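Common to both upcoming complexes is chain A, partnered first by chain B, then by chain C.
Moving on, here comes the complex of A and B:
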């Protein structure tokens, strides 16, 4: 470590507990010393242990793979666990992801939203043959195609794309980039036997792919760097063709 | 009192729990899943490198089958495993991977023709068969004779959990997200469900069911340095322990993974070494061949972790401001391979270390990784003491890992156990009427409410302080190298913390979930569990698998070929009660011997030689009748499996009869 003095961080956290509606939403300021390699996971854990046991937030894997800790860091949605304080100014704000139901402080109910989206878009393989003989060889798949499916399968449902989406702020039923990416993923998967017409039923409307205004903050902010811009554009072209054809 | 009824209450929404729920649903029962977090955020998601199943599709997997997988797993366990359960597992693993393929997991696939790989630090060209093109691919992992680990890049757990989670949604399985079980409802003979707490509102309810399944994963957070997610606090283990009746098996068997990054403790997959990565010391020297000339970096995890710590103790560690570490070098694999097959590793290095692993070495040191011990069950997943209580996955001890789990066998176990236990749970439900006294349910709810009230109006102890002290003791005294004096100090220290934990008080009275209250009640449970680990380790005066006693360095089959069973019958007691369950060598398919790596100095059991003679005689007599006949004669197991998942597995070189 170089000889620079330890920074004193000032963190403004948006506080609100729906169980205490009489206390209005407010920013509360905490101060603490920065440590080497400090992430927002370490910072918030320390605040809760040492300064404010009532502070609510969500972490699970703390390794950037589970999607629990999406929050708005200095105005940008992102994963808190892999955000290093060294990349932030000494004074910054934390707020919960908008558009999701607030549980308290920085904790939002992305799980409920994602389950509803999955039920609506039926985000699972629809196979004609329900039962496969598990003793026999698996169906073959082209190795490149398997990699392409994996690429879109990497979504962790963190909700950053939804929180950053202009349409999602206006249309509560918009499926978001996360939903459109799922449709793209299952369309690409040869094991899913749904047709273009089936997919059009799911997203061929303003709550689906035609609701996207191409602002594309989703693409800029996706923590897994999914190719959302190209996938949404491609899906829109296909759905427009399906709708007019 | 709010009571929620279902047929099968599954506590835990990871791979094992979801697969049990799906199995029960497919048999016509109503499952209900409780999950601390949305199921797709469970720790199963963090498994990177892959799932072992002896498909043998790649050229380096040629000749692989259940027999080889069986032997690797038993050797890995240091003969602590239940060999019948291992047989059930290895025969079901290929079916599990194929089921997941049908459900949408984008397994990486074999490409026909030549490809360049790194083996033992050298470039080698492999030629994959035409007929394998498009089948599921396998990579190399530690402690295995063949390339057996199926994978989806290095996001295998993620791909599996999302396919499983979506399958559960497709089956309409309800999940109570952000709900925690506080205690199991039971009458000392039978389990009737659990008292649960809503982690949004703080409200209590009773979930009553014919069968209750603990599938809550590991207990890594007993330790300060662990690869486990923050929710892996061993609460499911503690729920069973707190019944006073159900036993936990082999809790002293704790795995330390060789390659956690320093200082964050985040895992980088064994696939790094499986794909050809090397371990290096401060001088840049590749040291593993000096210790393990046969398996080198790919000995089992317990062995590699011990060798790394040994090498650091000899003064070869790299000094850093976060303490000493060693290097994991994957630069030799090349950027293209890393960006295709090790991309999560690349992300972790980029975000948490600020380095590119295609150019630079990764700082690593062993960290707590896996809990071999768990809720003791028979081969059906049911606890022998409490009827209707089942367990599956990492929180269970049925017991397929013994004293050391092989890499790639954990996610494999989750789905295999889910398939098997799901069927047995359904069988149980077919015969089990739900007769429970509402008074009993009310008593359990009242007890939990009184306990929470007690914490809210409690004493002066701060749960966070006690928890940090516990984690420090576990990491420093109940770690990779153990000895009697240190373990005694650990037990004494933990017992003192446990006594203090009776005086925990919660400062915050915020309505709703109240995170401080959550920490408080979990810490009391975790301390009992930590004591169970430490007491088991202190009592076991031998070295086996991941349990290494510097003062008893030999594996002692004569005195210790037995499973630890820990219970906590008296809630006012300060320590658990330990009992032991012997393993019978005379029924083993693979009698105890040398593992093929690590130390070679066990104290033999008198039965070993006798059984070895029997086994040799059977192999000689039936060898020409084929491997299935030999296996059947050595240790019949197929009758133990549910009928629906019996049967052989097709391979390129092995057609179905």
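Moving on, here comes the complex of A and C:
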């Protein structure tokens, strides 16, 4: 990018700090020059360093692995660290992910939501073995099955699927694609002793898979490109079979 | 829905074609005379299915204004086709509570008044074209989006490449919807044109020349 082509970016950021309720939510506009290969992470870091140290946002890995930097970019959820400014117009907006508790500005508490969801859906391996024997070798798993489990385990719980979901916006109890994906993942795992009826108890209702309205924004905007459309459809067929069988 | 449109649009072929399909449903070609109550029974079954579907679909409606406003705000920001189409599915579904109910109830109670002239008199003379124009757009949009959503919801036609299948399904959905809306408008125009003719305005029932004298409807 030569100097003549450098764009001047105008970024409108939604500012609100729940700890300072006397200051109303507002869009604050910042201007800065675009740099080569600039991501929103770089942009926000530069803004905080040079223009406004009070700006709040979250980052950890900067590589699309930790899922901390989810935010709404021009109306659509996405990971800031994986969004290049070159893909955006010269003027755009940033807002915190909706449906999650706001910490301040662009920072939200996805962890709290994910923990509640995980506890509700019991997203861990339920083994019958009562005593854990750490010296015992782990049981072998078919490599193809391990790949399938790993594919769904790539979820980083960034919250983009929940923020993109019209159902989750309307119904706060909906477990979201992240929750349904977790159930699909543990259903595949041979170490998990839970039956189909157990899974039905967890998601065979309108807060679970039957509440999903198949808008598929979760599938289209998942930063990890998880096969959410297929997994939710498969889970729905299984739960319908369980519920009617 | 699609079958219904094809039956109704038979008027574009000829009055005889539409008359033949009407009489087929009234059992004329099986029993030698017409039994319009058969049509009422068929529509009654459709009505029951319609009510069941409406009852199940109500679960998904926004339960209050807050939910409606949240969804609308979300939809406008997202600019995501399937999200926006759901909104229109709800709007057209809501309209169908009234439009389809009015249509179905009228047809259940007037099963003998279906035919090239009789339907045209209703469309033009009784101003049903307004209802049918609204009904056409509501049904075709609602049905097209709904069937597409059913397919992706349950993973029908998913194949090995779900993304490609979904793109194809969307293309097919829009093609069918556009075709049926054009066909529906042409059909409605045909009924309006026939409805304006002197013989329809004089209240004449249509009977093909090859049939002979108008038959009396069986009770």
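FYI, the second predicted complex is superposed on the first by the 233 of 245 C-alpha atoms of A that agree within 3 Å, B and C clash if a C-alpha of one lies under 4 Å from a C-alpha of the other, contacts with A are read in each partner's own complex, and residues count from 1 in each chain.
Everything that follows uses one rule, which is that a contact is a pair of C-beta atoms (placed from the backbone, for glycine too) under 8 Å apart; a residue touches a chain by one contact, two chains touch by 3 or more.
The structure displayed is predicted, hence computed values, not measured ones.
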**Study point:** chain C versus chain B on the shared chain A, clash or fit after superposition
**Key:** fit
Check your understanding: After lining up the shared chain so the two structures overlap, which partner does A:237 touch, if you call chain B first and chain C second: first, second, both or neither?
Key -> second
Check your understanding: Which of the two partners, first being chain B and second being chain C, lies in contact with A:195: first, second, both, or neither?
Key -> neither
**Study point:** Superposed model, chain A: greater residue contact from chain B or chain C
**Key:** B
Practice item. For A:139, decide between first (touching chain B), second (touching chain C), both and neither. Key: first
Review point. Just chain B (first), just chain C (second), both, or neither: which does A:227 touch?
Key: second
Exercise for review: Pick one for A:51: touches chain B only (first), chain C only (second), both, or neither.
Suggested key: neither
Review point. Regarding the shared-chain residue A:170, is it in contact with chain B (first), chain C (second), both, or neither?
Key: second
Practice item. Kindly classify A:28 by the partners it touches after superposition: chain B alone (first), chain C alone (second), both, or neither? Key: neither
Exercise for review: Give one of first, second, both or neither to describe whether A:36 is in contact with chain B, with chain C, with both, or with none.
Suggested key: first
Check your understanding: In the combined three-chain arrangement, what's the angle at chain A toward chain B and chain C (CA centres, steps of 10°)?
Key -> 160
Point to revise | Partner chain(s) touched by A:217 [first = chain B, second = chain C, both, neither] | key: second
Review point. Looking at the superposed set of three chains, what is the minimum CA distance between chain B and chain C in Å?
Key: 16
**Study point:** Intersection of the chain A residues that touch chain B with those that touch chain C
**Key:** none
Check your understanding: Hey, which residues of chain A end up touching chain C in the complex?
Key -> 72, 75-76, 98, 164, 166, 169-171, 206, 212-217, 220-221, 227, 229-230, 233-234, 236-237
Exercise for review: Under the touch definition given earlier, write down the residues of chain A that touch chain B in their complex.
Suggested key: 1, 17-20, 36-37, 39, 48-49, 53-56, 58-68, 82, 84, 103-104, 109-112, 114-115, 118-119, 122-125, 127, 132, 134-143, 146-147, 149-150, 153-154, 156-157, 186, 189, 191-192
Check your understanding: Taking the complex as given, what residues does chain C use to touch chain A?
Key -> 59-60, 62-63, 67, 70-71, 74-80, 82-83, 86, 149, 152-155, 158, 162, 166
Practice item. Write out the stretch or stretches of chain B touching chain A in their complex. Key: 37-38, 40-43, 45-46, 94-95, 97-99, 101-104, 106-111, 133-137, 152-153, 155, 158-159, 162-163, 166-167, 169-170, 175, 177-178, 200-202, 229-231, 263-264, 266-267, 321-322, 340, 344, 347-348, 351-352, 354, 464, 468, 506-508, 510-516, 519, 645, 647-650, 656
